[in-house]
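See the structures that follow.
The following pair of complexes shares a single chain, chain A, combined with chain B in the former and chain C in the latter.
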Partner chain A sequence: MTALQDLNARLAQKPAARLEVKNLCVAYGTFRGPFNAIDNVSFTVEPGTTLGLVGESGCGKSTVVKAIMNLLPEATTVTGDVLLNGKNILGLSDKALQQVRWTQISLITQSAMNSLDPVLCIGDQIVESILAHEKIPYGLAWARAAEMFAVVGLPAARLREFPHQFSGGMRQRAVIAMALSLNAGMLLADEPTTALDPIMQDQIMTRIRGIHEHLRRSMILVTHDIAVVSETCETTAVMYAGKLVESGATADVLQRPRHPYTMGLQNAFPKLPVRGTSRQPLISIPGTVPNLLMPPRGCRFASRCPFAAALCHAEQPELIQSSDGHAVACHFAERAPEFRLAARQAETWRAKEAAI
Partner chain B sequence: MRAYILRRLAQAVVVVWAVTTIMFVMFRVMPADPTAVLMERGMTDAARETLIAQWGLSGSLWDQYLRYMGNLLRGDFGSSFFYRKPVWEVLWPLIGNTLWIAVPGLLLGAFAGAALGMLVGWSKRGGKIERGGIFLATIIRGAPSFVIGIALLTVFSSTLGWFPGFGMGDPGPTQGFARYLTLDFLHHLALPLIAVIIYFLPENLLLMRSGVVENRTEDYIELVRAKGVPSSRVAWHAARNSLLPLITWLFPALAETIAGIVVIEIVFSWPGVGRELVLAVTRQDYPLAQAAFFLLAVMIVLANLAADLTYGKLDPRVVYK
Partner chain C sequence: MTRASTPAVVTAENLQTHFQARAGLVSALAGRTPPAIRALDGVDLTIGEREIVGLVGESGCGKSTLGMSLVRMYEPTGGDVLYHSEPVTHLKGRALKQYRREAQIIFQDPYSSLNPRLTIGQIIEEPLKIHGIGPALERRALIARALDHVRIPASTHLDSYPSDLSGGQRQRVAIARALVLEPRFIVADEPVSMLDVSIQASVLELLDELSRELGLAVLYISHDIATVGYICNHVAVMYLGQIVEEGPAEDILAEPLHPYTQRLMAAIPNMTPGAVRSRIELKGDVPSPQNIPPGCRFSSRCPFATDLCTSVAPELATLADGRRVRCHLYDGAIAEAYPGLTPPRAEIAA
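After this line comes the complex of A and B, so read on.
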């Protein structure tokens, strides 16, 4: 058996990881006081499954990922627990953290454009991630990098090239290859297709799904594209203004949403027209996200919610999980079927817009 | 690549020619008469005319210029009015003396500046290291080089008496190249060398620091951190990228600093090219001054070329056409 096969076999034995995030809170220090970017977020990723984390821009999706990776700036206050295979990785020492990073949890970054060092060839950047954790010769690490390039469909010869010689899609694939280099049990994909054109987005997502089937890693997929979530993820968590508003099995959350925000989010995405039915117009959610320097007393979505009542403005709803695992943070979750019907009408949202 | 270098060299020749011409004209339109400074009293008019002809100062400006350029092309810089011997013989030993303080001084200044700049840039934002580093660097950067020299002389030579205050060596039996290998020479070298290092270091430090500060918030640094490499390696990535602007500035600055070493040579009475240049200008010694300026021009042009070529080695995005 060659050294490379040996290395591959050893890395392939790594089990998929289980990630449990409990009561995660992140506050950025600003001149005008703490900015609570993440407020009490909890979710679990079972081994070998993919969790879709959705929400509009600025809702804190990427902050959750960075908090899990311990990549937030020093001035940030992070509380709660991030249990990776039962072990809390928040607040680890630099040394201990170095050993966890990439061996157990790796990252596919948001903007592949700037995620690679411009003056090092891509092969060396992948090799760097391998040699940081494996005591193996350079040549062997390079061979492993070539294999990872093959997994994402890039020719090994291009390992010697520099980031500026790659197209956006190729760079994104190189970043994915790098994330796979040590076959970490947990992959965090932070909007891996945001900067790409729709055709390339589809190619990359197909590639990620293929890799997921093949390697069976656990994954968090951060995106604002609901279609991608429905195709890729077993479970879905919806975030709004730094809070988790709804989570559960993807089919439950997307087809029978219980939170008005999820209902609104769905309306905002184009659907393929079905023959014989009328074309559904895109409906946007009126209003803007509240200022988190001065978060509202009640539900954070109340100011934009067409179904908001006095209670919503006064009291924060708790995230309550029902027996089927579907959790929602809404005072009127039991009226969800009624809301869903109303939410499909553009008139409902337009009335709210007029009220704002 | 070869075509690029050839084209740049051709440009360099044009630049050096232009500088030489400007220098030639400038010295001759200056309202001063070298013969008045350098000729002995009581010289007959005939002897005076002969001397002027010998110096190449007879005929129209145009004739003088053609003669000067013709000699220059043959590698002849003419003879010094003051020393009464070929310029080359005067300058040649001085070039070595200047290089002894310039090369180690600039190298150490650049390396120490870059290393300290990386440290300051990577330190906690707004922390003691950053504030102290910027404060010191700015103070020293703001001080003229003679102030640094005088301060060093006052403290280490006059007050403490640790180092000699002037010259390149005590009078002694050792001559020729061997005198550069004595402890006495190193003893004399120390203060002017330190002055050059201190003079050159702060700008390197500040440039490197701002580069590292800019790079440490880039996305690629975040990914490098996520890979779980030691933090020194993360800092290396930021420093490697910060080298690019530093190099662009460094090489031309090297040449300019060699010119700036003039002042340090004078403060420490170091017998180098710079000191001789100043003396030659005050003595109206045209050939010597013009040759010294010619040397500086060549060095600055070559340094710029070296900067562009090094830049291509450091940054894969640069392509020579």
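After this line comes the complex of A and C, so read on.
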């Protein structure tokens, strides 16, 4: 057996990880007081599954990823637990973290433009991350990097090239290859296709789905694109203004949403027309996201929700899980079927807009 | 053509905008000039009154160059831009300034296109001052009307700064600034791509209403072909500086013909449960506009390309249903050269 086969076999033995996030709260320190970017977020990623974390800009989805990777700035208050295979990795020392990052949990970053070193060739950057964790010869690490390039569909000869010689899509693939290099049990992908053209986006997502099928790693896919989630993820969690508002099996959450925000997101999402069927108009959600320096007392979506009652403005709803695993944070979750019908009418949201 | 017979406002005729790249040191010393960047290479397009034409394609295909050439931020290097049948291609000085009252542009990023140090009132007043319109009192009335069009209450927002506004409100202010000169033609260059999904719809709806109420001709530029279906009557698809397919929006979205359009449409994730997208695989990357392949520009990536495609450039041929496609599969050339080869049809619907 060659040394490379030996290394590959050893890395392949790593099991997919289970990640449990419990009551995670993150407050950024600002001059105007704490900014509660994440408020009591809990979810679980079962081994070998993909969780889609969706929400709009500023809802805290990237902060969740940074908190899991312990990448938040120092003046940040983080509480709660992040259990990776049952072990809390929140607030570990740098030395302890080194045993976790990249070997057990790796990150596919949002902007492949800025996450590669411009003065090192791509191959050396991948080798660097392998050698930081494995005591193996340079040549062997290079061979492993070449294999990872093959997995993402790049020719091994281009390992010697520099980031500026790559197109945006190729850079993103190189970053994916790097994240796969030690076969970590948990992959975090933070908006991996956001800055790319539609065809390239599609090619990268197809690649990510293929890798997921093939390697069966656990994954969190952070995105604002609910269509990508519906094609890629087994479970979906929807965030709004720092809180988890709905989670469950993807088909349940996206086809039968129980939270008015998820319903609104569905209606606002542009879809391709299907010939012979009349199309739903696009409906926007009126109003704006509340300022998290002064979060509202009640439900954070109440100011934009067409179904909000006095209770919603007074009291925060808890995230309550029903027996089918579908969790929703809404005081009137049992009226969801009725809300879904009303939410498809543009007038419902327009009436709310007039009231704001 | 089968288009609604609205009078043409802006027409591009065989429009070319080439940029001269700067020579590197070695080439400069050797006296060589690098090849021109052919950003726009023979574009024909008409935008009529009350019409929203969607322009889609990948980054670098020349969509923004076309928009900016039409409002004369760039001076085209060939062909013509006609405004109400009058050429405005090479206008200069006062005449150009006059044309710019008629043709305005809205940019992609409302966070960088508004001056953070000016109030909303000042931002919208600026074009009026530049064009020497009215005493202050009249200007104020015009500003109030422009804000009214975009549904921002002037009473509360005239003295606020862009930083007080949300992204959607900022983009509305940018639209108001474009409207205040009462133009007849507006280029909207990716106006919603920086906005959150939940508020995109309201900005699209606003463009749609303005076009109908004010009779505006609008060129809506976007890489997101799904949003195009909601507001555009007519769609043009660009690839490497040329239009490859053009026609009524519903035809192109429901049944794209050009292999590139088919691939572009298949790239959109589908939320319908159980839907299967059939994709044709493309080879390689978009070629550089400095080094355009011979024959059909798409032939270097097209899975259906034949010898004919790599040697003879196809024309934008008009089909029986009025749509125009630049592909040998549809202009009869392939059928003649390779009997039995049929045009590919993509299945888009679930």
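Assume the second predicted complex is superposed on the first by the 354 of 356 C-alpha atoms of A that agree within 3 Å, B and C clash if a C-alpha of one lies under 4 Å from a C-alpha of the other, contacts with A are read in each partner's own complex, and residues count from 1 in each chain.
Basically, a contact is a pair of C-beta atoms (placed from the backbone, for glycine too) under 8 Å apart; a residue touches a chain by one contact, two chains touch by 3 or more.
Since this is a predicted model, take the numbers as computed values, not measurements.
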Contact-wise, after the overlay, does A:Q99 reach chain B, chain C, both or neither (first, second, both, neither)? first
Name the contact category of A:S115: first (chain B only), second (chain C only), both, or neither. first
On the A-aligned overlay, A:D197 touches which partner chain: chain B = first, chain C = second, or both, or neither? second
Between chain B (first) and chain C (second), which does A:L265 come into contact with in this model arrangement: first, second, both, or neither? second
Is A:R344 touching anything from chain B or chain C once the two structures are fitted on A? First, second, both or neither. neither
Determine, under the contact definition given at the top, whether A:E231 touches first (chain B), second (chain C), both, or neither. second
Applying the document's definition of touch, where does A:H133 land relative to chain B and chain C: first, second, both, or neither? first
Using the touch definition from the top, list the residues of chain C that touch chain A in their complex. 58-59, 166, 168, 196-202, 204-205, 223-227, 229-230, 250, 253-255, 263-271, 273, 279, 282, 285, 348-350
Would you pull the chain B residues touching chain A in the complex into a rising list? 124, 218-220, 222-231, 233, 237, 240-241, 244, 314-317
Can you tell me which positions in chain A touch chain B when the two form their complex? 66, 69, 71, 74, 94, 97-103, 106-107, 109-111, 113-121, 128-129, 132-133, 162, 164, 175, 178
Chain A residues within the chain C interface of the complex: 56-57, 167, 169, 197-202, 205-206, 224-228, 230-231, 251, 254-255, 264-265, 267-275, 279, 281-286, 288
